[in-house]
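All chains are identified by letter, namely A, B, C and D, in their written order; residue positions are counted from 1 within each chain.
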Amino acid sequence: MMRSTFSRTGLRRSLLAAAIGTAVAATAVSNTAMAQERELLNSSYDIARELFSAINPEFQAWWQAEHGEEIAISQSHGGSSAQARAIMQGLRADVVTFNQVTDVQVLADAGLVAEDWQEAFDNNASPYYSTTAFLVRKDNPKGIESWDDLANEDVQIVFPNPKTSGNGRYTYLAAWGFAENEFDGDEEQIQDFMRTFLRNVAVFDTGGRGATTSFIERGIGDVLISFESEVNNIRSEYGSDDYEVIVPPVSILAEFPVAVVGENAERNGNSDLAQSYLEYLYREDTQRLLAGFNYRVHDETVVAEFADQFPDTELFEVEDVFGSWEEAMENHFEGGALLDQLQRR
Amino acid sequence: MRRIGDAPAVRRLLIGAALLLSALFLLLPLVAIFAQAFSQGVMVFWANVSNTFTLHAIGLTLVIALLTIPVCLVFGVALAWLVTRFSFPGRRILQTLIDIPFAVSPVVAGLIYLLLYGRNGWIGSWLDTHDIQLMFAWPGILMVTIFVTCPFVARELIPLMQAQGSREEEAAVTLGAGGWTTFRRVTLPNIRWALLYGIILTNARAVGEFGAVSVVAGAIRGKTNTLPLHLEQLYQDYNAVGAFASAALLALIALLTLAAKAGLEWRAARQEAFL
Amino acid sequence: MSQLALWRSGSARVLPGFGLSMGISVLFISLVLLLPITGLFGQLAGLSLAEYWAIITEGRVVASYMVTIGAAAVAALVNAVFGLLLAWVLVRYEFPGKRLLDALMDLPFALPTAVAGITLATLYAGNGWMGSLLEPLGFQVAYTWVGIALAMAFTSIPFVVRTVQPVLEDLPAEVDEAAMSLGATDGVAFRRVIMPHLWPALVTGTGLAFVRSLGEFGAIIFIAGNMPYETEITALMIFVKLQEYDYAGASAIASVVLFVSLALLLAINIWQGRFVRRLHGGKG
Amino acid sequence: MSIRLQNIAKHFANTQALEPINLDIHEGELVGLLGPSGSGKTTLLRIIAGLESADRSPQPGKILFGDRDVTNVHVRDRRIGFVFQHYALFRHMSVYDNVAFGLTVMPKKRRPSNGEIRARVFRLLEMVQLQHLANRLPAQLSGGQQQRVSLARALAVEPDVLLLDEPFGALDAKVRQDLRRWLRRLHEELNFTSVFVTHDQEEALELSDRVVVMSNGRIEQIDTPEALYRSPINRFVFEFLGDVNHLEGNVHQGVLTCGDARLNVDLPDGNEELLLRPHEVRLAEQPSAESHLPVTITAISPVGAEVRVELEADWLAKPWLATVRHADFEQLQMRRGQRLFAHPRQWHRFPNAESKVTEQSRVA
């Protein structure tokens, strides 16, 4: 009797403790949320976290100086497509800074972003750009210099799955663009090349960072294909002695489009802030910061400063080879389209 | 007493095999987590853990777990009481329905909530016009967490309450006890260990859920990042040590959970031995 | 309505709380479980039967079924053996560290799957602790279907152990003794006397482990390699469809997994019920 | 097959379950191990079976079946039949499969052919009168039927000895009676050596050729039922074998007094406790010169061969029980509340329970 009363009180006590804990923790969370005044949410692709972690404080300071207002900036990162989907389903992002035009276009089609969004900012609303480049192991043992070397029999490639990653799609389109040029548009040869290229893939991670982990941490493959900015960042992160960056002579222009999510920004009362935030990306200082992260930029002064860092490369645009992003998506990436056909066994 | 498989050679072989396999299969991953977390020293580990975003993720994770538990508790007890104490048409169907969360892949679980409560969903669009946001905010995380954890308490209780039968409750009712009194004084003492075990399982899953939460959380660092999401982001950011530091925290929660469970079982066994 | 009143007045309604518990249960199940599921079928309604069929029988998706089911089957079978061994050792023997081993059994349930995923990938990659031992022997685990099966086995082992353990505990010592007194050797007694009692639990546990493996995503995705036709699991195909904004396609594939899983769970429930009734009399 | 136990002892942790025991059981004998729970009788049976092993220290014991030393022989090779208290039938096997089990698990060279197994199983089922239930599962049988299956199963392997652990303990009185009689007949027919455990003295006395009375891990007495009942070796045996009435008082000059009760005894002065069986108490309307033991009837049970009468008195700590012939019962017109005088026909006395030596009685 004694015993059972005892443990019943014990039970009650632990439930009580749990309830109190909940209340305390809940207040703590809501406090952090309440503490800020205006708050801008930037929804971005998954590998831009460090980049915007560097830009945001600069912008906050600038805005404070200009407008005397303290603001907060939140970041949401994920696969660019997943981010767009989340916004369509109600993620209240004020601005998007993506790595693929189609993902912004989806929002425009849904009416969340102005239809003429590409005209809203300079350079097709792409404050910086990059291309697709290779990261190879020390001394480049497989002698990889360009895309055709990737179709060699003994080469193992690592890049993210084009189905799940914008980064992976760029790689696929870049290889295709190269082949288109190399084989003068001979569809059969292009497809043969692409088939071999895809067969050399060792691992298809779902995102860019997963591919990096496979290549660096797990030691898989001879070459990692990713954005030029990314491979340079990886090299400086993991040691310039162990890896080399190869920028192929021909590659694709990867635009990093930005847009204000009009509906959300308006609703959040952040329209002015959102506009300024994206404009801020074009300022010389910011462009320098972007170049520091190995992105190619448009500002003449900064371009001159960083000329050594970015080798001259022939960059073709998606529109040049594939007509438009819509056509590229439809012909290559949709279920049953070329990518699926090329991978069929 | 002699039993099958008692021969020393057999015994040693089986125990050895079990220990070896468990060590390789279960213990080694656990060790690896902590080894990775501390691979650059305690200070780096501590820096990662005491980071604002990590702390926030811990806080959010715990709040979600603590809010999930009472909901699952009420539902689990109500359902167990219903299907073990009454017979009515559709009882078996109810019992199978609670298995749905086990059959649904967590990513799909997140998706179906998103489709319903997201801006384009038929409830979500109504909510949106009234400026109520559930998805990509903590209520959404809570909702999917409840979805994936709701079977645990019920599943623990149902077999036990079935085995115990309703004789004791009937006796209480004949003695004039009311419903609540009967439950509190007769039923609850009998099921409390199973109940606590159910809560522990619920808690473990609520703390660790990744797939479903990742779909509805929106991954806003410092706002809707739970610990498992935070871990994944750190991993994505080449911060393997940071990721494993978070993993170590989650593993620590897991270990505490296991310890709590072992403690409960031990207590329950001891109590049984006394009776 | 009158029917409701009829079974309300039945003799089984001695205990209080029927209305309350029914109310809570039905409300909860409707709101939390059924309502969202309708969203899934809402998506399916937008597809014609032919479209639905085309999506779920697409070559790459079918290949992913093969990979998923194959790996889940291997994982379940491995767990059946390993789980039985562990349950046996935990119930039948006393040895130092037994309580620790017992507690360890729940680790895969308690450990978030994402954590399990990155940890297993780290361990079994070519340069990981296990991988560096196994790969020189020509045995590659990470990024092959073996890795998938491994991750599945890890996340589902407790199902087998925890369903077999109580049954084994409840098996009276006399069953062993009767078999031995009749001259049966350990092997024969185990096979013919003990196993028949364990079958329902073992099949249930293995079945649950299998169902769990079919849906697992977080733990597998890091170690799978995700090569089309080779190491892509069905959950990834759903994920891919989501990335393509193809909700209907995702729902279609998800519905296949859902139906298979539910059918299996139902089959397990029915089979187990029948078995238990047979052994314990009742409506034999 | 005879059974010989030499120096068999058993410890469980710190408790001595069996003190070193020696016991000889002759071929064809049916021996009952009788004692209260915790007396070590089941442990002893399980040691004979090989389900438990006897202590190896301080001195190793020895178990012989005939000339065969089975001390270190595994239970499965001892050629015993064991009938469990709760039957321990294999729930997933039919009655037929249960009985056939022992035959089907024999090593190939000893195993009878399928036809022979079948014939033997049906012969056994016929013997236990269950051939019509061969295909049933154990859960579909009554307790008595299950016990008979259990017995048939144990006999199927033609054991050297048959061991039964409280074989009828879980059955109701009527079924017990039938089974007891039936087992006795079976034993006489087949003439195997059997040992059974029971805590029911009636069962032990009725069934056994010899009874081994045990308490606290010791053998108190081994004897035929008759000898045991007539001349129990000590107070424990006496008390355990049947109902006992106590008479405690002070003896002074050959008269024992207790309150207003008196009894002439031929004993030295001092405190004494006398024990009487119910049938040793005679009831009369008058006291006698020898005894003055006034009692009142508090309960009467006229069921059975004799009438059982419960008696109370101020001088009694516990009520007495007397068995009276129906003729006497009618003659005295016994009814509740009636005052009578008790006259011991005989009494017993164990002056020193510990040293368990003396047994005295006297015809009154």
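Note that in this section contacts are C-beta pairs under 8 Å (C-beta built on N, C-alpha and C of every residue); 3 or more make two chains touch, one makes a residue touch a chain.
Chain labels with UniProt names: A = Sulfate ABC transporter substrate-binding protein; B = Sulfate transport system permease protein CysW; C = Sulfate transport system permease protein CysT; D = Sulfate ABC transporter ATP-binding protein.
Note that the coordinates shown come from a computational prediction; the quantities given were computed from them, not determined experimentally.
The most distant chain from chain C, with centres taken as the mean of CA atoms, is D. A count of contacting C-beta pairs for B-D and for B-C identifies B-C as the more extensively joined pair. With centres defined as mean CA coordinates, chain D is found 87 Å away from chain A.
Computed centre separation for the pair chain B/chain D is 56 angstrom, with centres defined by C-alpha atoms.
In this assembly, the C-alpha centroid of chain B lies 16 Å from the C-alpha centroid of chain C. Taking each chain's centre as the average of its CA atoms, chain A and chain B sit 33 Å apart.
Chain contacts: chain C has residues 122, 128, 177, 179-180, 189, 239, 242 touching two or more partner chains. Across the assembly, chain B contributes residues 1-2, 121, 235 that each touch 2 or more other chains. Counting partner chains per residue, chain A shows two or more touched chains at residues 210, 217. Contact between chains, per the stated criterion, is found for A-B, A-C, B-C, B-D, C-D.
Residues of chain A that touch chain C in their complex: 79, 81-82, 84-85, 106, 161, 163-164, 201-206, 210, 214, 217-220, 333-336, 340, 343-345. Of all residues in chain D, only 46, 50-53, 74-75 touch chain B in the complex they form. Those residues of chain B that touch chain C in the complex are listed here as 1-5, 7, 10-11, 14-15, 17-19, 21-22, 24-30, 32-33, 36, 74-75, 78-79, 81-82, 85-89, 94-109, 111-113, 115-116, 121, 143, 146-147, 150, 166, 169-170, 173, 178-179, 182-183, 201, 204-205, 207-211, 215, 227-228, 231-232, 235, 243-244, 247, 250-251, 253-255, 257-259, 261-262, 266. Within the complex, the chain B residues that touch chain A are 56, 59-60, 62-63, 66-67, 69-70, 114, 118-121, 124, 128, 133, 135-136, 138, 188-189, 192, 196, 218-223, 233, 235-238, 240, 267, 271, 274. By the touch criterion stated above, chain A contacts chain B in their complex at residues 3-4, 7-8, 11, 18-19, 21-22, 25-26, 28-29, 32-33, 41, 46-47, 49-50, 74-78, 86, 88-92, 207, 209-210, 212-213, 217, 234, 237-238.
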